[in-house]
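Mind looking over this structure? Questions follow.
Chains here go by letter, A, B, C, D and E, matching the order in which they are written, and residues are numbered from 1 within each.
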Amino acid sequence: MFGNPFSTALPLAPFPLMLREAACWRGETEVFAGLDMMIEGGALWLIRGDNGAGKTTLLRLLAGMLRAAGGVVSWGDGQSPRKTPERALFIGHADALKPALTVGENLGFWAGFSGFAESPWPQASDPFGVWAYADVPLRALSAGQRRRVALTRLAFSAAPLWLLDEPVTALDAAGQRTVWELAAAHRRRGGAVVATTHAPMNLPDAQEMTLGGLR
Amino acid sequence: MFGNPFSTALPLAPFPLMLREAACWRGETEVFAGLDMMIEGGALWLIRGDNGAGKTTLLRLLAGMLRAAGGVVSWGDGQSPRKTPERALFIGHADALKPALTVGENLGFWAGFSGFAESPWPQASDPFGVWAYADVPLRALSAGQRRRVALTRLAFSAAPLWLLDEPVTALDAAGQRTVWELAAAHRRRGGAVVATTHAPMNLPDAQEMTLGGLR
Amino acid sequence: MTAFLAVVRRDLLLAYRDGAGTWTVLGFFVIAVAVFPLGLGPEPQLLARVAAGVVWAMALLAALLSLDTLFDADWRDGSLELLLSGELAPEALVLAKALAHWLASGLPLIVVAPLAGVLLHLPGNAAPTLAVSLLLGTPALSLLGALGAALALGARRGAALLAVMVLPLAVPVLIFGAGAVESAMLGLAAGPGLLILGGIALMALAVCPFAAAAALRQAVE
Amino acid sequence: MTAFLAVVRRDLLLAYRDGAGTWTVLGFFVIAVAVFPLGLGPEPQLLARVAAGVVWAMALLAALLSLDTLFDADWRDGSLELLLSGELAPEALVLAKALAHWLASGLPLIVVAPLAGVLLHLPGNAAPTLAVSLLLGTPALSLLGALGAALALGARRGAALLAVMVLPLAVPVLIFGAGAVESAMLGLAAGPGLLILGGIALMALAVCPFAAAAALRQAVE
Amino acid sequence: MGKAIAAMGGFLQRQAQPARVVDLCGRFLPFAFALAVICLAAGLISALVLSPPDYQQGESVRIMYVHVPAAWMGLFVYAFIAALGGVGLVGGHPLAFHAARAAAPVGAGFTAACLVSGSLWGKPMWGAWWVWDARLTSMLLLLFLYFGHAALTRAFDDPRRGDKAAAVLALVGCVNLPVIKFSVDWWNTLHQPASVFKMGGPAIDPSMLLPLLLMLGAFKALFFTLWLMRLRSSVVAARLRAAAARARGAAWR
C-alpha cells in the first residue's frame, strides 16, 4: 500500500504534535509535570535524562498509550493521541516478537496486520538485512539480530511519528547507522522522529530535551 | 563473608583462563573456530564484532555454560569451566530477576544464595544506588533502573572472572562510569573482566578482540 | 478484515507451535479422561453414569487452562499495545482472539470428545448430542474466557483470579451442556437444553467482545 | 544449606505472589470439585461413590498444572544458569525446588481436601484416610513432576510433553491413593495402600533428584 | 428541567469532594448505627421469643430470621455494587468506586452468612449440610463472584484499574441474580419456593412476617453502618496514599 518508505510521501500528517503543561503519573508517583514541547513535521528530537527520569513515559504519552494526568496533548488538528494511536509507531524494549515464530512469520504478521503489502513478507523493505534469517525461529537469534528484526518494522510503517526508545541498543555500528539513515529519510518525507538515547551523539539539526532536571 | 568488594582481596584465583583452538556451535551452525585467548588476572578484555558474530557465545563458553565443540578451554589449574562454573559471574541480557518480587527481595535472594552476607539485603554494597527502591516491585522499574539492579550483583560476587554482556546497555552516563569503576576495582584485586560492547570506548590498557572476521 | 485474519492466523500458528496451545489442551483432556477410570474403578455402569459430566467438566477445565495466555503473552511482549493501536477495533480484536482460541482449543476437543465418550462407556446414542452440545457450548466458553482474561490482565495472581471469575459465568454452560447429554442418554429430548446453550452462546457473543474491549483499553494504560 | 533455604524461600514467595502458585492450585482444585456435581447431577450417593476418585484425580491435575513453571520461568529469565553455577549441587537444587513446590501446592491441597470431601458427600470416616493418602502421595507427585519438568525444559510444546511424560509415572500414586480412600469408605483396612504410597514416595525421593539434575545440566547448554 | 438537572449535578459534584464525603459519612453514621441496634433488638425479641415455632419444623425455623434477611442482603448488595460500578464507569467519579469497594466485603459477609445458616438449617431439615441444588449452587457462585470482585479491586498496582475491572465483572455477574431468585421456580429443588416476595402477596403468617421484616430492617441498617465506616476510611486512606506518594516523588526520581 505504501511501498518503499524511502521513496513515497507520507499521507498528510497533522503536525505539530503539542504538549502543553503536560503531567504524567506512573502508579501513584508523578514522573513529570509542566512539560511543554512542540513536535513539527521533519523534526528529530533526542530525549535525554538519567535512568528513571521519564523518557519512556514521555514516549508512551506521545504514542497515546498513557493518559496525561494534567495539561494538554494534542495533534495539530485537535485530536488527542489516545484517539489516534495509529499516527505513531512505538518501538521499545518489549519488541512484540514471538520467539516461537520465525523471523519471516513475525514480520509477515505485522506487515499483514498494518495492511502493508499483498505478500506476507515485506522482502522489498529490508534495511537491516534480516531477510537472510527469514526461516530462523526468533529464539535462535542474537540480541542484536533480534533488535534488527524489531526495527525492520520501521520500513513498513505508514505512521507519521516514530517513537524510538533507545533504538540503537544492542546494534553494531552498521546497524546504528542504518537507524539514523532511516530516520533521516523519514524526516525528508515530512515525518517526525522522537528518540531516547544514553549515547553521546552528534546528529546535525537534532533538537534535544533533557528530562528530570529536578533530580 | 567477602565484605566490600572494593577493599578485600579475592580468594586465590587460578588464572590464566586459556582458550586454544576453541570452536563453538549453536544449534547446527558453527559460530567460531580456532579461537586462541589467554585471560590473565587483572586483565580487561573488550570483545567486539558485528551482530551475530559470537560475542555472547564466547562469554557463555568462558562461563562454562556451553561446551566447546573443539579445542581446549581450561583454567590455570587445568580445570574446565564446565566443572567450575562458580569461578565466573555472567551478567547478560536475561537478568535473572523476578518482576513480582521487590528489588530488596531479588537482591536479597541472590546475596543469600551466593552465601554473601548474614543480612538478607546487601545494603553495604550498593554501587548503583538502588537501595532507594528496595521496596518497589521490579516490574515498576524503568529499563535502566532494572539494569542497575542486575549489575548490583557485581558488588557481592566472589567470582574471580566477570563476564559482562553489553553491561552498559540502558544505563545513563553515571551508571556507565560506575560499571567501569567497579571493573577497575575488581582488576586491582586480581580479578579479570571480559566485556562485550558496541560502543566506541577508550579504556586504557584494555585488550580488544574482534570476532567474526570471516563475515 | 485483513488485520482480523492476520491475528487469527498468527494465534493459530502460535497455538500449534507453542506449549500452551492445542497440544496442551488435547493432552490435558485425554489424560484427564484416562485418569478417571483409574480413580473411580472400572465398572462400566458407573463410568457411563458419570461420562457426560466428566467430559463436560474436563472441557471446561481445559478451556480455562489455555486462557491465561490469551492476552497475557501479547501484553508482556508489547504486542498488545501495537494490536490495539492499529486500524482494528478492540472489539474485533477480542473477537479474533476468541475465535482463534476456539479454533485452537474448542474444536480439537469436539473432535476427540466422541473418543473420550467411548473410553467412558458413554452410550452410543448420546454421542451426537455430546458433540453438538460441545459445538454450541465451547464458543461461549471462549468468549467468557476472553472477558475474564482481559479483566485479569496484568493483575497479581492473574491465573487464579481468572479461574474464580470465569467459573461462575461458565457454570450455566456446563449445566445445560451436561444436562442435554444426560437427557439424550436417558432417551429424553435434548433439544431444549441445546437451544438454551445456543442462546447463551449468542448472548456471550453480544456482550463479551464489548466488555472485554473496555477491559483491554484499561490494561494497556 | 543457606543456599538451599534461600531457594526454598524464594520459590515460596513467588508462589504466593504470582499467578501460577498456591492460589491457582487452590482455585483450580476448589473449582474443579465444585464443577463435578454440576456436571454429574446432585445425587449424594453417586457423588459419594466418585468422591475419592475425583479428589485424587483433581489433586493430580492441580499438581501437573503448577509444574510447567517449576524450572521454565527460571530458565527463561536466566536464573537457572546462575542457580546451577553456584555452590549448591544440582541434586540439592532439584530437591529445594520440589520441596517448595510441595509446600506451595501439595500442602494447601491437603488442607482443603476435607472440605472438598464434605461437598462431595464423602463419608466422614474416610476423611482422615483421604488426608493421610494425600500427605504421602503429593510429595511423590512433586518429585515426579520435577523430573518431568526438567526433561521437558526448553522443548517445544513443553507443557503438553510434560503432561504426557508425568502422567504414566504418576498413575500408581493415583491408583493407590484413591484405592486407600475407597477401602476406608467401605470399612476395609486402608493400611496396605497407604504403605505402598509411602514406598512410592521414598523411591521417588531416591531417584528423581538425580535424574532431574542430569536433565537440568543438559538443558542449560 | 435541564436547569434542574444541571443544578442537581452541581450539587452532587460539591457533595462528592473527599472532605465533604468524610463529613457526611460521619454525620449519617450515628443514625444508621442507632437504627441497626433498635431494629436488631426488636427483631430478635419478636423472632426468638414472641413468634411461634413452626408446626412442621419446630424451633429450628428460627434460623430463618437470620437466613432469609442475609440472603436478601447478599443479593441486594451485589446489585448495589453493580449499579455503583456502572455509575463509576460512565461518570468516571472515583467516589462511586470507593463506594463499591466499601460495600463488597460486607455483601460477601451476608452471602456467607446465608450459606452458613442455610447449611446449619439443612442438616436437620434435609439430612445433609450441603446439596447441589440450583439455588444453593447459584448462591455459592454469588460468593465466588464477590471473591472475584474483591480480588480484582486489590490485584493491580494502580487501584483505579482494579476498580474499573471489578465494575465490569460486577455488571456481567448480574446475570446470576435472576438465576438465584427464580431457580426455585425454574427447577424442581429441595429449597423452599418464594413465600414473601411473590405474585399475589406474601403467603406467610403475620406473626412470622413481622419479625422477618424487622430483621431485614436491622440487616439493612447494619449494612449502611458498616458501609459508611468503610467508605470513610477508604476515602481517607486514598488521600493519605496520595500525600505519601507526592512526598516520595522527588526522592524517587
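Points to keep in mind about this one:
What we mean here is this: a contact is a pair of C-beta atoms (placed from the backbone, for glycine too) under 8 Å apart; a residue touches a chain by one contact, two chains touch by 3 or more.
Nothing here was measured: the structure is a model prediction, and the numbers come from that model.
Comparing the centres of all chains, each the average of its CA atoms, the largest separation from chain E belongs to B. When each chain is reduced to the average of its Cα atoms, A sits farthest from chain D. Chain B and chain C have Cα centroids lying 46 Å from one another. One finds 46 Å separating the Cα centroids of chain A and chain D. With centres taken as mean Cα positions, chain D sits 25 Å from chain C. We define each chain's centre as the mean of its Cα atoms; on that basis chain C and chain E are separated by 32 Å. Along chain A, residues 27, 52, 93, 100 each make contact with two or more other chains. Those residues of chain C in touch with two or more other chains are numbered 17-18, 156-158, 160-161, 164, 167, 171, 221.
Annotation for chain E: residues 137, 157-158, 252 touch two or more other chains. Those residues of chain A that touch chain B in the shared complex are 26-27, 49-52, 56, 93, 140-145, 147-148, 165-166, 169-176, 198-199. Across the interface of their complex, chain E is touched by residues 147, 151-152, 154-158, 160-161, 164-165, 167-169, 171-172, 207, 211, 214-215, 218-219, 221 of chain C. The residues of chain E lying in touch with chain C in their complex are 89, 137, 141-142, 144-145, 147-148, 151-152, 155-156, 158, 161-162, 164-165, 168-169, 171-173, 175-176, 179.
Touching chain E in their complex are the following residues of chain D: 34, 37-38, 41-42, 44, 47, 118-119, 121.
Residues of chain D touching chain C in their complex: 17-21, 23-24, 26-28, 31-32, 34-36, 38-41, 46, 49-50, 52-54, 56-57, 60-61, 65, 68, 156-161, 163-164, 167, 171, 174-175, 178, 182.
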